[in-house]
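Here come two complexes built around chain A, the first alongside chain B, the second alongside chain C.
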Partner chain A sequence: MTKPLPPGISLEQFNSAISEMEKVVGKAFVFIDDVNELRSYRDPYNTTNDADFAPSAAVAPHNVEQIQKILAIVNQYKIPVWTISTGKNFAYGGPAPRKPGYIVLDLKLMNKILEVNEKHGYAIVEPGVSYYDLYNYLQEKGIKLWIDCAAPAWGGIVGNTSDHGAGYTPYGDHLLMQCGMQVVLADGTVVETGMDTTSNSKTGGLYKYGQGAGIDGLFTQSNFGVITRMGIWLMPEPPGYTPFMITLENEQDLETVTDLTLPLRLNQVIHNAPMTVDLLWEAAMSVSRREYYTGTGPMPESHRKKMAKDLHLGIWNYYAAVYGPEPMMKNNMELIQDTFGSIPGAKFHFDDTRKGDPGWDYRVKLMKGEPNMTEFSLLNWIGGGGHINFSPISAADGKDAMKQYKMIEKRAHEYGFDYIGEFLIGWRDQHHIFMLMFNRMSEEEKKRAHDLFAILVDDAAAMGYGEYRTHLSFMDQIANTYSWNNNSLWDAHHAIKDELDPNGVLSPGKMGIWPKNLRGKA
Partner chain B sequence: MLTRRTFIKSSLATNLAIAAQPGLALGLSQYAQEDHSLLIFSDETSAQAQQFAGQLNTPHSNIEKDVGLHFDTFNRFHKEQPTGWITGLTRDSDFFILEQMAATKGYRTVFSAIHETNNNTVTHQVSSSVDKAHLIADSLAQSLENWPSWLANNITSLAHHELATAQANSQAGSSTNNEYLVSWLLIPSTSA
Partner chain C sequence: MKKLLTIALSLLALTACDQQPEAKKVTESDANKPLPEVTTETPPATDNKLSQRSGKVIFELHCAGCHDPGDAYAATKQLALVRGKDLAVILQRTDLVPDYIKYVVRDGLLEMPPFRPTDINDAELDNLATYIVDSAKAYKAKESK
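What follows is the complex of A and B.
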């Protein structure tokens, strides 16, 4: 295989740049061997060709000063770098760059937990700190704060937050809980946001905005700078925690349960983001598809019903929790049980009857910020399981949820795939995650999955839906659906990009934001 | 064949506490084989994986299903035995996660095979070097229901160093159904 090189760069220039980077970080932290070193920077779940996202090299700096020097080098050679923190963003591309030949700027060695403030409930971390790292730190120190982690918790706090990730405790809107950041711009300038930019700041982790324009969001899902430090609010350990599950017997119950949830959520009767999870997602935690159906195409209804009965699951399975002092939880649970008890066939489940069920156990952990990796069991649903996530936003509205669900289910079945999905109610919206599961060993199946995803983007756009996050392959297509007023939003993105990164070295193409030298050439 | 195996360390203390929990679980044990310490993972719910681990003649216990609980063990092994090898007969998802974790520490996959059981027939799909794949698949098939033992006895000699692989399928009777396991061997680049 021919080694990919950065676009427009000769092998001589590449080698020269690599040599200069080695002087900055040390030879041991520049990776160029495709077999022994760069395999960990590929996307194992891509639906096209592995080579489409193959980096030419990776470099792992230890500190801000080294990042500044690396940026000076890549600006000189006009070599694109693709920034990652822990690189575990699987289903959306993992550590792989948008285009072949980019150099991965891997921040995993910058993994210090710089501060934890128990009284005020926040932490300040570097990009290489994973959810496991922060959780273990809090446990070891006996600090009574909870983290809010992504479902597979090996990911990084900075990476997940800057990709608009969500979690499952009351602090589940990760960007909402972000407070202050340090960013290195493409020209090496270091910027701190919010209160941290004042002299001798004592309030950087407390107040998000400071004076002037709030620019933190500019550095999320974008390529305008390299985030090197971030403040994140942490939830004080509550005096009580009551997770619950409701199994729902009918497909149409999605509409009812969504409508009943919204007022409870907006009024904080339910404290965290409730999840309405379909049968197959839940079942995949403990069984595989082949145990119930060995045919091709989507699993037939009769088999689904048998599986639901065997596993004591609903067609939809609703998870949420209440937190706080016992009287408060009791009061809220009464309201919740009165509300959802009106759905025919709805059954409440708690720890006493559900403990030991893998689906229940990992949700209980997630809703109290306990890191785990159980959700990866989904990959065992089929042999060689790979997945990409189609993630449109819907209203927290029953009819809207049903409409979006039926659209995706119909297309999934048309293309021969199971619908495996969940709705996560944030505040007024729902993140709808359709986990498009395919056999990553099958080229035919990968192509079919790719085609399905592409048509779902178009279908969703036609119905007025946009996606909140996506895989490398579909960043441009989805960016084009955010096109109101002659693409004025993306024109604004590009204007900022051109100003802050005139050589286009930082993560070109991230979320469809391209520097002028590569714009329109993707 | 594995010879002069030396047992280094058996089950973890945590294993005992959760040994009573059945379910989707991994067993784990640690060996030394000649020059290379070997860390072994096996799916505790699978009879085949148990046979694999058992053949390696080490105590192993049920530990919780969540592979995330193995991260510390993996990191500790890597720290203590930087040239050690890691192998397993596990669920596909557990292999994926461990492979990704190991890759960040400089490990690479030098052997893997899928063992899929349907209708009392097990199919072995081997990814190895071009010259070895068919041979390994045939050997697994000829071992009939004892294929996990054959695998255990030969796992450390199955390493290949070519990136390109070939696949081969063979079939043999099996008493279990609808199982999908992956066997694998990861070695640090310094061992290549």
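What follows is the complex of A and C.
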């Protein structure tokens, strides 16, 4: 493979830019060796080719001043940089850039926990801080605050929050819990949002809005600046915590359980985001597909039924928790048991009977913000690890959930893949995650997975659904589904992009937002 | 000409920053130093130090989540299924040599994604490989007693 270079840049210009960056961060923090260094910046789980997302280099600054200097260099040469924080955004592209030849701006080494305020319940962190890092810090210092982590907890606060990630405690809507950020704009200007921009502010981590336009959201799922610091609210450790699971016997129970959940969720009888998890996702925490089925195509019904029986799982498996003082939990649990007990065949499970089951144990950890990596067991389902997430939003409404599930299941089966999925009820919506697993050693299967994903985007759009987040390969296709009024939303994104980043150096193409020099050329 | 342009652009960027005194401020924190002032000097590259974490620290941070013994650990389960129980737990395997470990960490293997030099730098990768090999030797020595 010939070395990819930034678009429109000669090798001589590239070498010259690299040499200038080395002066800024030191040779040890600029990576240009394709074999020994840059292979680690690829997305191993893509549905096309590694070469489609191969960077030309990576540079790892240690502070804001170095970022400013790097941005001055890339503005001069008009070289695109692709910003990552912990780089663990797998299923959506990992650390890899949107196009070959970009230089990865790797913020992993900016990894300071700048402040933890136990009384008011927040932390201020740099982009390289992982969920494990923050959790370990709180544990070591004996600070009675919980984190809310992504399921694979090696990801980080800044990256996950700015990609609109979700978690499993009552603080699971990560962007809702974000408070204040520091951003470096393409021209090197440093901006702080919210209260932090007043002099001697003491409320930066407490109040999100300040005066004037709230612009924090502009820097999420976008490429308008480089986030270098973020405040995140942390939940005080509650006096009690009761996780529970309900196994449901019938496919159609998805409709009932969703409808019964909404009032409990909106009225905060259930404090966190309930998950309705399909049989295969749950089973994958304990077994691999080959232990039950070695044929091709989706696992047949008879094998699924046997597996459900062996593992004491439902066709759907519902997880949630209540938190607080004992009387409050008792009261809420009674309401919850009365409500869901009406579903025929629904069975409640608690720690006393379920402990030791890997599927139960990791949910119990997630719903109290204890980082773990158990969910990576999904990658064992067919082996080889290829996976990409199709993530449409649906209403927290039974009929809607069923409609979306049946649409995806039908297409998945038509293309020869298992439906492996879960629904997360946020507040009024559901994040529906379809985990499309494929054998990444088979070019034919990768292509089939890619084609399935593409048609799902179109099918979903035709039914009125949009995705909340996506893989590098599908950012443009999905951006085109957010097209009301002649793409006026994307025109607005592009107007901001052109104003803030006229040379188009920051993460071109992130979520389908392109600078003017590359627009329409992707 | 290019050099002049670089300097001019750098100065522009830096001037813009100098007009943002807030940028120098960080929130109240006991362990927190203010951000460095932006200067026109290029800092000596030695300011950025490579971390020197032990193999054990690296293992616990980056590997244990999937490779610890037990059913909750994805890689251990998969290795048990594909390679057999004796080869499931990497801290108990004497067939792994440092060069192989280092290659797999940087390149990934099947379900496992690669680790970047900013996750684990080259010296730390040496520490990690040594830690895995030594732990396995110690485990076998204890087993054979």
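Criterion: the second predicted complex is superposed on the first by the 522 of 522 C-alpha atoms of A that agree within 3 Å, B and C clash if a C-alpha of one lies under 4 Å from a C-alpha of the other, contacts with A are read in each partner's own complex, and residues count from 1 in each chain.
Simple rule for what comes next: contacts are C-beta pairs under 8 Å (C-beta built on N, C-alpha and C of every residue); 3 or more make two chains touch, one makes a residue touch a chain.
Owing to the predicted nature of the structure, the values given are computational and were not obtained by experimental measurement.
A.B. asks: Kindly say whether there is room for both chain B and chain C on chain A in the superposition, answering fit or clash.
C.D. replies: They clash.
A.B. asks: Would you sort A:383 into first (chain B), second (chain C), both or neither based on which partner it touches?
C.D. replies: both
A.B. asks: Report for A:213: first if it touches chain B alone, second if chain C alone, otherwise both or neither.
C.D. replies: neither
A.B. asks: When the two structures are laid over each other on chain A, which of chain B and chain C touches more residues of chain A?
C.D. replies: After superposing on chain A, more of chain A is contacted by C.
A.B. asks: Using the touch definition from the top, say if A:294 reaches chain B (first), chain C (second), both or neither.
C.D. replies: After superposing on A, A:294 lies in contact with chain B but is clear of chain C.
A.B. asks: By the touch definition above, which chain A residues appear in both interfaces, chain B in one complex and chain C in the other?
C.D. replies: Looking at chain A, the two contact sets intersect at 36-37, 39-40, 44, 87, 108, 132, 153-154, 286, 288, 290-291, 356, 358, 362, 371-374, 376-377, 379-380, 383-385.
A.B. asks: Residue numbers of chain C touching chain A in their complex, please.
C.D. replies: So the residues of chain C in touch with chain A come to 2, 5-6, 9-10, 12-14, 16-17, 20, 22-23, 25-29, 31-32, 35-36, 38, 42-43, 45-48, 50, 61-62, 65-66, 71-75, 77-78, 81-82, 106-108, 110-119, 121.
A.B. asks: For the complex, give me every residue of chain B touching chain A.
C.D. replies: Checking each residue of chain B against chain A gives 21, 23-24, 65-68, 71, 91-94, 96-97, 100-101, 103-104, 106, 108, 114, 116, 118, 163, 178, 180, 189, 192.
A.B. asks: Quick one: which bits of chain A touch chain C in the complex? Just the residue numbers, please.
C.D. replies: Against chain C, the touching part of chain A is residues 16, 20, 22-29, 31, 36-37, 39-42, 44-45, 58, 60, 62-66, 68-69, 71-73, 75-76, 87, 90, 94-95, 106, 108-109, 114-115, 124, 128, 132, 152-154, 182, 187-192, 196-197, 199-202, 204-205, 229, 231, 286, 288, 290-291, 356, 358, 361-362, 371-374, 376-377, 379-380, 383-385.
A.B. asks: Along chain A, where are the residues that touch chain B in the complex?
C.D. replies: Touching chain B: residues 1, 33-37, 39-40, 44, 87-88, 108, 132, 153-154, 286, 288, 290-291, 294, 356, 358, 362, 371-374, 376-380, 383-385 of chain A.
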